[in-house]
Amino acid sequence: MSRIGVFVCHCGENISRTVDVERVAKEAGDIPGVAFSCDYKYMCSDPGQNLLKKAVADNNLDGVLVAACSPRMHEKTFRKAASAAGLNPYLCEMGNIREHCSWVHEDREEATAKASDIVKLMVERVKKGKSLAPITVPVTKKALVIGGGIAGIQAALDIADAGHQVVMVEREPSIGGHMAQLSETFPTLDCSQCIMTPKMVDVANHPNITLYTFAEIEKVEGYIGNFQVTVRKKARSVDESKCTGCGVCMTKCPKKKIPNEFDQGHGMRTAIYVPFPQAVPNTPVIDRQNCTMFQSGKCGVCQKVCGPGAVDFEQQDTLIVEPVGAIVVATGFKLYSIERQPEDSPIQGYGEFGYGTIPDIIDGMTFERLASASGPTGGKILRPSDGKEPKQVVFIQCVGSRAREKGISYCSKVCCMYTAKHTMLYHHKVHDGQAYVFYMDARTPGKGYDEFWRRAVEEEEAVYIRGMVSRMYQRGDKIVVMGSDTLVGVQVEIEADLVVMATAVQAQDGADLLAQKLGISYDKYNFYSEAHAKLKPVECATAGIYLAGACQGPKDIPDTVSQASAAAAKVMTLFAKDQLERDPVVAKVNEKYCVGCLACKKVCPYGAVEEREIRDRQGNLVKVVASVNPGVCGGCGTCQATCPSKSVELDGYTDEQIMAMIEAL
Amino acid sequence: MHAEKLQHDFEPKIVAFVCTWCTYAGADLAGTSRMQYPANVRVLKFPCTGRIDPVFILRAFQKGADGVLVSGCHPGDCHYMAGNFHARRRFAAFRALLGFVGVDLERLQFSWVSAAEGGKWVEVVTELTEKVRAMGPMKEFKALEDEEQWSGALNTPELREAFESIT
Amino acid sequence: MKNKLMHLSNETMNVGFVKKVEALSGTSVRRCFQCGKCSAGCPMTAFMEHPPNRVVRLLQLGQGARVLAGRSIWYCASCETCTTRCPNKVNLAAIMDALRKLSWDADGPSKESYVQLANRLFIENIRTYGRQYELRLGAAFNMKSGQFLKDLMLGPKLLSRGKMKLFHQKNKNLPEIEAIFNRIEEMRKKGEAL
Amino acid sequence: MTPGKKNFLNYSYYPGCSLHASGREYDISTQALFKALNLGLKEVPDWFCCGATPAHNVDELLSLSLCAKNLSLADQVEGDLAVACAACFSRLKTTQHHLKEDDTKRQQVETAIAGPASLGKPVKHILEILARDFGLARLEESVKKPLLGLKVAAYYGCLLTRPPEVPELDDCEDPSIMEDILRALGAEPVKWSHRMECCGANFTLSRPGVVLKLSNAILKSAQEAGADCIMVACPLCHGNLDIRQESINKYGTPEGSLMGNIFGSDYIPGSEDGPRREMPIFYVTQLAALAMGVPTDKLGLESVIVDPRPLLNEKDLL
């Protein structure tokens, strides 16, 4: 038989005005199992709490119900008081007879009856309650940052500066991401590399950062505070520890005509190469697909010229296991391709623009490279086909974006601004040239952004034409652009020397695969999903994993850096304690009854349910059951309602407790 | 502004299964805003509508509820991301079953009430109470129980065990 | 003309014309972001084939000829509503003035002749008499526009109420007025003024 | 009426062409009112046309030059320059404004008028003189015969307040100066929607159809607001609302469109409004003078087309 104490609060007059609190207390006393009941003017006051503590001690109570305000208000208060009196805090509950009763009903008789009912229900719940202990998990104070664009760099530096270890994994031979490719950046038009390269160097030199470039995530196990990450370091064919970065190998490599990815294919590189001069690390990598040695076993020039003997054709991929406590995902974006896409692709190219076969129709990133002093044209705007300076340049916004039929309905967010920037850069470089921009909307919400766009229109004399382009084709050395100006209501035709398309920002290739390894969710466009669009914009639903930058959705640099620093702050919050304490309202599987159907695993929004094999002493598999990781479980109870064999149960909301309440109705 | 208190022949018992984050908080807001609604409702709090097992609803009807309300966060607003979505799927199947056993589906209402919708909570509760009041007491399951009592059908241990296993 | 395909290039965009409009009106057409507020409040939009915002739009595209070919500018009432309310301080009323002047200088390629005629007569009246004489103005207009009977019924009413004078006074300043006209013509000839 | 010591204030006066013709009752009543208020008014000798809308419409330089010349003529007479016509007022103020702001234009104008542009003299509309110089309080005190029971729709038209930096008369979107004056006179200003809409004055000669359409909306709005009459402060507005009122009232009727066909003006058939009652149009000076007890035969009431006397009789104001 339980020994429950019931405390009915007057809340000054807030409750007692409509609820006969004395009667409620008296009726509570009659409920079987209630060993003590009383009413009091202000239960939450110090004397009120002392009354509770004293009653627990004096009456040897094993459960407490405070009938007062909403538990959202004072549950913590009373649980603390109960705890101080030596009772497990989870055996203290509240009945809400204020917000749900005295304040919403006028009839004293009805309100009193309802309050009594609430007490009765909750007493049954307390009776079936269990002592729970908070869950603690140890935290490995080392963070993994995936992706070395500006997002990853910012997050890594912030975390490392806070004194924690960081492992950065970058897929490409160098960090830097897209920002390293940009010429000048809106809204201030400062040189991208000037602000970017120092940060890249900081990453390389930071004592707390371990940098793996040309590396990928192989496997992720564990949970918040306790991840085990396996990193695959791809074979570089150059021994990083020996290479001095002298570059002799690159000057001597006979394969010199490989289109350079960094310059969007508009410059050339060798088979042994660094992507760009300021690359971090400055260690070359052999592109095995294009290296004669790897393709036909001949050459080996690089190896011969390399003084320190760093070139190593035999090098293999290596796997490194890193234990980390938190993960920041910062894998960025890729640009939409207007080329003809495979039949089954969810996105489509632009047949009406020639499927990318017209050489002088380029994308925005290519324009960045043309405008960049370190680019293939040394910063001169020269068109790809014949290297002439274009006098009429047409920019087209929203290519791929906001085009449901082409497969993408969202707005890419950065292209309005970078197109405005491009018109300015163009006007600065080609004074007698004319820039035209076809646009549907100019979306420029941001500090100083609209002013920036207006500057492009008013001072840099870009002609903005509201309307889309229908078709483009080559006529002589010109590109005929057929568009419309919906403001005037006429068709417009421009013979352009160069066309620059602001193609959509898309999720990285393989973003979904990485998400599956990490156990995080992503939307239908493969952008990673934040836990809450407004209030948890950097957290993943999966505890311990955070998002930064364009991998979560199109973002410009200011937004990316803000989010990266926010993600770093979240990691630092996690690392601030040695142990992670979590509310013990989590699910537990009763392995005896679990039939291993894993229905629970499917519905769990946190990915907290894992499979567990039960083996006998000989190691033979007895059965597979579900197992809930308490470090990850969010406590929603969906698994329990789903389980056909009722073998998983949410502490604090057990079937028994709920049924007891229903019985008491 | 005290409205004339109406006397009714029948006061239905309404049970509300609500989630903590949205509807419970919405009901709290109705309280802090001192809105008024019928006192017939008894609220049972859950972490998430995802936790609500249809069996609870059946049991509530059996234990004398005349109407049941299930309410949680709006789609997309679930504190646990997708709990309410799973709940929705589950209840869709459950409704059909309930209809099959002969419960008038009008007695069971699902709704979304956010933490900011104190007014909507009042509306939903009031409407359901009025509707159920007009429908009269829920007799189906009670009759069943009575019948069981009278026939003594549960007197054999096998039957009792079977009965307990489903309740 | 209105719906004809528009070729845009450095050659087809008459930037010189637009610069003139901007100089005359003291306002930049590039400031306009085509919100349409001018047209929304313009009492004359219903009469125009290019509502005011589109007039500016065409100028932005260097399409002065298209504007002048239409009658829109001649249907502007100079009420200043557009200028007053434009969020970008585009002085559209002044742009309209400038366009009419340029159209006038080009001897009106516009379709709208009545308004031009009225303006012309009004200004001639100033030059000749110093002040307006409404009877003369009205009569001359009807004669020249071929609408002999227009507003015929108003005349007697106005006369009988002393609202129209049959004769005019001589203005002592007439030579000075003439001199002003001449000096302006002189300045323009010398290219000292637009 | 020479300005003398006994006057409260003295003004130079630019009546403008209309006040000597179709708007003569405005002139008459202005003179009478000023006299009644002890305000001196001396016409600028041999002033000439300000060019009004047609001049600036096609030749801004001409317009500015004409006005600049008139402004320097006005310098010969003492006192701020009183202007009754909203169009003249607008042009003169515009000239002052532009020439102060724009040196190039000023130099061009100075060449055209062969002398310095004189921009110092305050140019004031009659409304300003009544409400500000003379003052609303004093105006109210001077009322001998308050216009009790007269519901008046005060019509500003476009040029009195727009664009705001030029006339600097009142709030350009929500002025109150005319209503204030009406209240001081004891009349009741009505709230209505079209007090600042354009009447189409510019087209009175060339495109009367435009006037009919625009002025029709104004008359309709005033009537819907329950006004007995409309008060204006511009002879062009008056011309449209009064002289053309009969045609306007037929606007859209079969008779109207027939007339349009016959008389060659572009009447636009198809308006939903039928004929409506006549609405007298007063000048602000007529109403003010009436309230000041100026004999009714000095107000030019007989000169207007829509006879206001029945209304005044009805309200016991004659």
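Should a chain be cited, it is by its letter among A, B, C and D, assigned in written order, with residues numbered from 1 in that chain.
As a working rule, a residue touches a chain if its C-beta (ideal position, glycine included) is under 8 Å from a C-beta of that chain, and two chains touch if they have at least 3 such contacts.
Molecules present, by chain and UniProt name: A = Disulfide reductase; B = Heterodisulfide reductase subunit D; D = Heterodisulfide reductase subunit B.
What you see is a predicted model; the values in this text were computed from it and never measured.
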item: Centre-of-Cα separation between subunit C and subunit B, whole angstrom; value: 75
item: Cα-centroid distance, subunit A (Disulfide reductase) relative to subunit C, in whole angstrom; value: 61
item: Distance between the centres, which are taken as Cα means, of subunit D and subunit B, whole angstrom; value: 74
item: Chain centre separation in whole Å, for subunit D relative to subunit A (Disulfide reductase) (CA means); value: 68
item: Category of the chain touch graph - line, ring, star, complete, other; value: line
item: Interchain contacts, given as pairs of chains that touch; value: A-B, A-C, C-D
item: Footprint of subunit A (Disulfide reductase) on subunit B - complex, ascending; value: 2, 5, 13, 15, 20, 24-25, 27-28, 30-32, 34-37, 39, 42-48, 50-53, 56, 59-60, 63-65, 78-83, 86-87, 90, 122
item: Contact set on subunit C toward subunit D in their complex; value: 24, 26, 43-44, 46-47, 75, 77-81, 83-84, 91, 93-94, 96-98, 100-101, 103-104, 114-119, 122-123, 125-126, 130-134, 137-138, 141, 145, 147, 149-152, 154, 157-158, 161-165, 171-173, 176-177, 179-181, 183-184, 187, 192-194
item: In the complex, subunit D residues that touch subunit C; value: 17-18, 20-24, 45-46, 48-49, 51-62, 65-66, 69, 73, 102, 108, 111-114, 158-159, 162-164, 172-173, 197-198, 200-203, 205-208, 210, 213-214, 243-244, 262-265, 302-305
item: Contact set on subunit C toward subunit A (Disulfide reductase) in their complex; value: 2-10, 13, 28, 30-31, 33-34, 53-54, 57-58, 60-61, 63
item: Residue ranges of subunit A (Disulfide reductase) touching subunit B (in the complex, touch as defined); value: 70-72, 96, 98-101, 103-107, 110-111, 113-114, 117-118, 121, 521, 531, 541, 585, 603, 605-606, 634-638, 640-642, 650, 652-653, 655, 658-659, 661-663, 665
